[in-house]
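What follows is chain A paired twice: with chain B in the first complex and chain C in the second.
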Partner chain A sequence: MKQQKSLHRRIQEGKDFGTVLPALLFLGIFVYYPVVQVVRISFTNWNLINDNYSYVGMKNWIWLFQGSGTKYLINSLKVTALYTIGELAITIIGGMLFAIIFNRITKSFSVMRALVFLPKYVAMSSAAVVFIWILNTQNGILNYFLEQLGQSRVNWLGDRNRALGSILMLTGWRTVGYGMMIYIASMRGISSSYYEAASIDGASKFVQFTRITLPLLSPTTLFLFVTTFISAMKVFQSVDVLTGGGPYRSTEVIVFMIYKYAMEDFRMDRAATIAVFFFVILLAITAATMKISSKRVNYDA
Partner chain B sequence: MTHEPLSHDQAALLNQRAIAKRKVATVLQYVFAIAVTLFMIFPLYWMFITSVKSQEEVLLALPTFWPREWHFENYRNVLSRANFSKYYYNTIIMTAGILFSQVVTGVLAAYGFSKVRFKGQKILFLIVLGALMIPLQVTFIPLYIMFANWKLTDTFLGLILPEMVSPYYIFMMRQAFLTVDDSYIEAAKLDGMGRLGIITRVLVPMCKSTLITITLVTFTNGWNSYFWPKIIAKNETRRVLTVGLVHLRNTFAGLDTMNNHEIMAGAVLAVLPVIILFFVFQKYMLTGYEKTAMK
Partner chain C sequence: MKKIVLLSATLLLAISMLFAGGVAESKAAPAAPAVSYEVTEPITIEWWHALEQQYWPLVDEIVGGFNSTHPLIKVEAKYIGNYTTLNETLVAAHAAGTGLPALSAANTPYVAEYGKGGLTEDLTPYIKATNYDIDDFGAGMIAATSYEGKQVTVPFLISTQVMYYNKTMAEKEGIVIPAKIDDMEAFLAKATKKAADGTTTRWATIIPGWDQWYFETFYLNSGVKIVNDDRVSTDLAGPAATALTKKFQDWVKKGYTYWASGTSASSNMRQNFIDQKAFSVIHTSSLYNTYINLVKDFEVGMAWLPAGETKKSEIGGSVLLIPAKNDQKTKNAAWEFLQYLIGKDVNMKWADGTGYIPTRNSVLNTSEGQEFLQRKPAFKAIFDNLDEINPRIQHAGWNQLATIWKSYLDQIMIEGVSVDENLQLMAEEINEVLADSE
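Moving on, here comes the complex of A and B:
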């Protein structure tokens, strides 16, 4: 009797396990196994042109850190860092400003909020194609406006000092509404008693904002910081469509560099090496932010 | 420091001033908000307006902000000449496949990680969450080689397979299922319901709003996906809208800006389903990201 029961329970437990099995199998085959593979490929001379490959030890790693690849890596890291700082500033500072402007509970404001948030849902490729048209040097509407203001035309995407900024215009357009929505949601979570107490004490609106709102929004800011940081590091699409990494590699972010080596030069070995290095950076950033989040943030709201 | 008591008149004056000040602030806020909204919506407006202009009108030195004539045949041209109907078909099949499989595997796994107990559950859940930290941008090289060996390039299966399971979906649905009290499940068991009955007739209806929200996010991510489709489906046969639109622009690029009205028509076609969905399900779409943030 007892044995039967335990058998029954074992079957039940097996069926329970069965509900998570499909997901685990897929993640195993299509996420975890490729990680092992990408590390392995970084120690080979694999390219898609030859059928065979052999292990070459640290050759690719030396190429990346002490060889002809180093200057491209440094360039990519610089571009990615600049881009990431830009997207962080737009999402957090811009999102906060937008939240202040749009945080009003009326019907018309909720319509406007929806419109400001909408670009987030517009496919990046469509948005990029539209921005290419808007930024066009000859017929673009932006240069038309500039000329009306007495400025000269600007080569937005073809100038190596401007291209990254132009990409950020597109990214900013898509993400600023997202930052706004997140901030508004948590601003509404702040108890009004804080503000009432502060205004009885005679604190101005500005002081109330810096002393109450900002500190109590710090978990939200951290959330935005971490998620935006990680997603900005992975930027690819806007670069691919707007500039293709150019001009003169001035917008060649790290994922675009990986992509180019793999899918244009078919150098799987070199691409894999950069990818592994990129993965290590991502993990380090995630670990670091997790550590910070457990300390320096105010969770009192 | 003590304050002198205010006379009645003084107090009334101060009050009036405060009200006037508030009114000015409100008007300013409206003006500001409307200006910012117009600015933000302009690229979409410009996309649409350009898409219905004639080629001559697009190239005018003085741009027109309202089309002189409406040329809806631009849409027909894009759909026929540039194979856009094919891209549409491919995108629909790919998105449907991703959606179906993420919902099924996601809901099942969310149940398995919230409402039952089995050995090794905690570690397995950590493995699921760990997958969130491994982006496709790192793993696409071996995946591409794998899929090429399996002859899955330029196939629907190739497009769908890597996106069939979403750790994000599992995580969000698990959070929702955890809020359902176990007594409902006990009651359902007493009624003789099995696992599937409990999931489809108790848990899913009770977590409907989360399910809709997360599924909409899955839909838009699938519909808008670009990186993997670009890698795995390079040929015309299985090209999706996002990649096809860029391809369209690049193949027209020899003519520089000559075909911008048609490219914009393509862009409108590519985003239209998502925009319609956004307005229909606004309530869910607006909260979707907030829910993620509040966890």
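Moving on, here comes the complex of A and C:
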């Protein structure tokens, strides 16, 4: 009887494994195999065009951490971190502010919400091309308005102190509506009984917001934080179209750095080394975020 | 269950490592030598190019002309994007070993890297087998399209660096175009206009910083060895390079010129010239037709760039190549089409319809060349200096060098930082790249 049960259990386990096997194979071929390959390439001198390559040990890693690659890695990490902070602020703080403003159930507000959300549907490359002209130093509409206000023209994309901010303008235009919609959906899921009880107790709107809305929005904030963080760390298209990593590498985010070494300089070996390092960073930060936030997120909503 | 998953993952890793080990050192066997270069059966081939929309009618006309006279071959021309995009697409297809075109255009700086990496077919046997008259191209063009003595590409649409200037303004204000770099200071001072508050209202010239090809000539003619003879070091921090860089920086600081860099730098520079906010601009000769068509209020002149110890320029534009990984039938069809594209008559069509230079000796040095000059008189500046057009510097680390060089010069010119200090740092980086790429 016991043996029969054990056999039955094993068959069941085999069936279970069989159902997940296609997904595991898919992941193995299209996710883990490329990851393994990238790690391997980081120990070679492959230059993308050449079919032949040899293993060079830690050479690329030494270049990245002790050679001429170090200062560009630090620069890219800094730029990527600044960009990520900017996008997180826009999506979370901007999204929440817009959600508070636009969370009204009327037709006019519905139209306004759609207008704010609409840019999310515009392809990033198309939007970036439009922003190139908006931000053009000589003929851009933004500088035209500044001149009408008696201000001098601003070199939005050519000044290293402004270029990253200009990229964030485009990011904000595209993502603030997304943050808003997610927050509105979440706000509408909060039971009105909490607010009614708080009102009876004499809590002001501000207190209701800080003590009820904000804590109950924390799962949504965590979701937005993690997804925005990962997408912001991987920003590429807007940088590629708007600045090409310039002026003088001041907007060279890490994915652009990888792309440049691989596709412009043909140094796939160096690109792979940076990619592996970046993968580890992303993994570590995401894991840390999940661990820290698990203690502070309130899922009561 | 855990054990099964772990075992599967281990197996997957082992298989991938095994496969990875298997491909190391050599991924492709060398192609067998072709016996015949003739096209014997119908075939459709793709030609990748970077000629923008304004040139598509000309592309259609030329490809149509080939298709109608070559019944066995049907060519489909495909615009891939600019030369950077074309390069990326081509290299990706080469690395994948699939989706390659039969024939592709490529920007001139890629010749060495493509040649070294084995992306391009060596055309030398094709030239010999079909008795193709490659010597009808100048020696400089042949050298510019070869790698280590192998004809890995052929000249296609060739241009060089020139100075476009406002001829009407020059005549009216008596501005003389400088023949020497030493004459630049006087020229810049005279051609620059400033407002009462000292801000520039008209630049004497604009120096493109977005592509090192434009300022490279100034360094070469000042005796700078961008890649030293040892192939692993640069002279870009040497006394001549430092002196010239300081000159550029000084001109920028004085408001005579600005360093055009960034994504819209080229179009902004062109617009400044058209709007007469700049007396002159340094640009590629291939844009001659564009300037002529856009400028309505004044006559456009074209001048050779100011000389130093020498007055060399460098070849620009594009070359044609046949990817080495294609099968022989496709290569044969591509070779047939390639010969047509660079043929004497078609070459003149390209030169007339674009701003590129005629490339054939049988055109340049004959009455046909004189007729071309009558149609485009500004090209006399180039025709008078044809022997001065040199091949690009060929080094597998060239693109990396160029990126570092541009980046440092951008910072030196735009922020006005120390030339000596930054050139030293730059040279150290470039030396490392050159040594690692050679």
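To be clear about the criterion, the second predicted complex is superposed on the first by the 270 of 301 C-alpha atoms of A that agree within 3 Å, B and C clash if a C-alpha of one lies under 4 Å from a C-alpha of the other, contacts with A are read in each partner's own complex, and residues count from 1 in each chain.
Following the convention adopted for this analysis, contacts are C-beta pairs under 8 Å (C-beta built on N, C-alpha and C of every residue); 3 or more make two chains touch, one makes a residue touch a chain.
What you see is a predicted model; the values in this text were computed from it and never measured.
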Superposition on chain A - do chain B and chain C clash or fit: clash
Which superposed partner A:263 touches (first chain B, second chain C, both, neither): both
Dominant toucher of chain A (residue count), chain B or chain C: B
First, second, both or neither for A:118, with chain B first and chain C second: first
First (chain B), second (chain C), both or neither touched by A:283: first
Partner chain in contact with A:30 - chain B first, chain C second, else both or neither: first
Partner chain(s) touched by A:17 [first = chain B, second = chain C, both, neither]: both
Contacts of A:101 with chain B and chain C, given as first, second, both or neither: first
Touched partner set for A:109, first chain B, second chain C, both or neither: first
Partner chain in contact with A:65 - chain B first, chain C second, else both or neither: neither
Partner chain in contact with A:185 - chain B first, chain C second, else both or neither: first
Identified clashing stretch of chain B versus chain C [97-105, 151-159, 187-195 or 259-267]: 151-159
Residues of chain A contacting chain B in one complex and chain C in the other: 13, 16-17, 24, 32-33, 37, 48, 132, 136, 138-139, 241, 263
Chain A residues within the chain C interface of the complex: 13, 16-17, 24, 28, 32-33, 36-37, 40, 44, 47-55, 63, 67-68, 132, 136-139, 157-158, 160, 241-244, 246-249, 260, 263-267
Interface residues, chain C side, partner chain A - complex: 1, 4-5, 8-9, 12-13, 16-17, 20, 24-28, 84, 87-88, 91-92, 94-95, 113-114, 116-119, 261-265, 268, 271-272, 396, 399-400, 403, 407-408, 410-411, 414-415, 428-429, 432-433, 436
Chain A partner contacts - residues on chain B that touch it in the complex: 29-30, 32-34, 36-37, 40-41, 43-44, 46-47, 50, 58-59, 63, 104-106, 108-109, 111-113, 116-119, 124, 127-128, 131, 133-135, 137-146, 161-162, 164-165, 167, 170, 195, 220, 223-224, 226-227, 230-231, 241-243, 245-246, 249, 256-257, 260, 263-264, 266-268, 270-271, 274-275, 278-279, 282, 285-286, 289-290, 293-294
In the complex, chain A residues that touch chain B: 13, 15-20, 22-24, 26-27, 30-35, 37-38, 41, 46, 48, 98, 101-102, 104, 108-109, 112-134, 136, 138-139, 141, 144, 173, 176-178, 181-182, 185-186, 220, 223-224, 234, 236-237, 240-241, 255, 258-259, 262-263, 268, 271-272, 275-276, 278-279, 282-283, 286
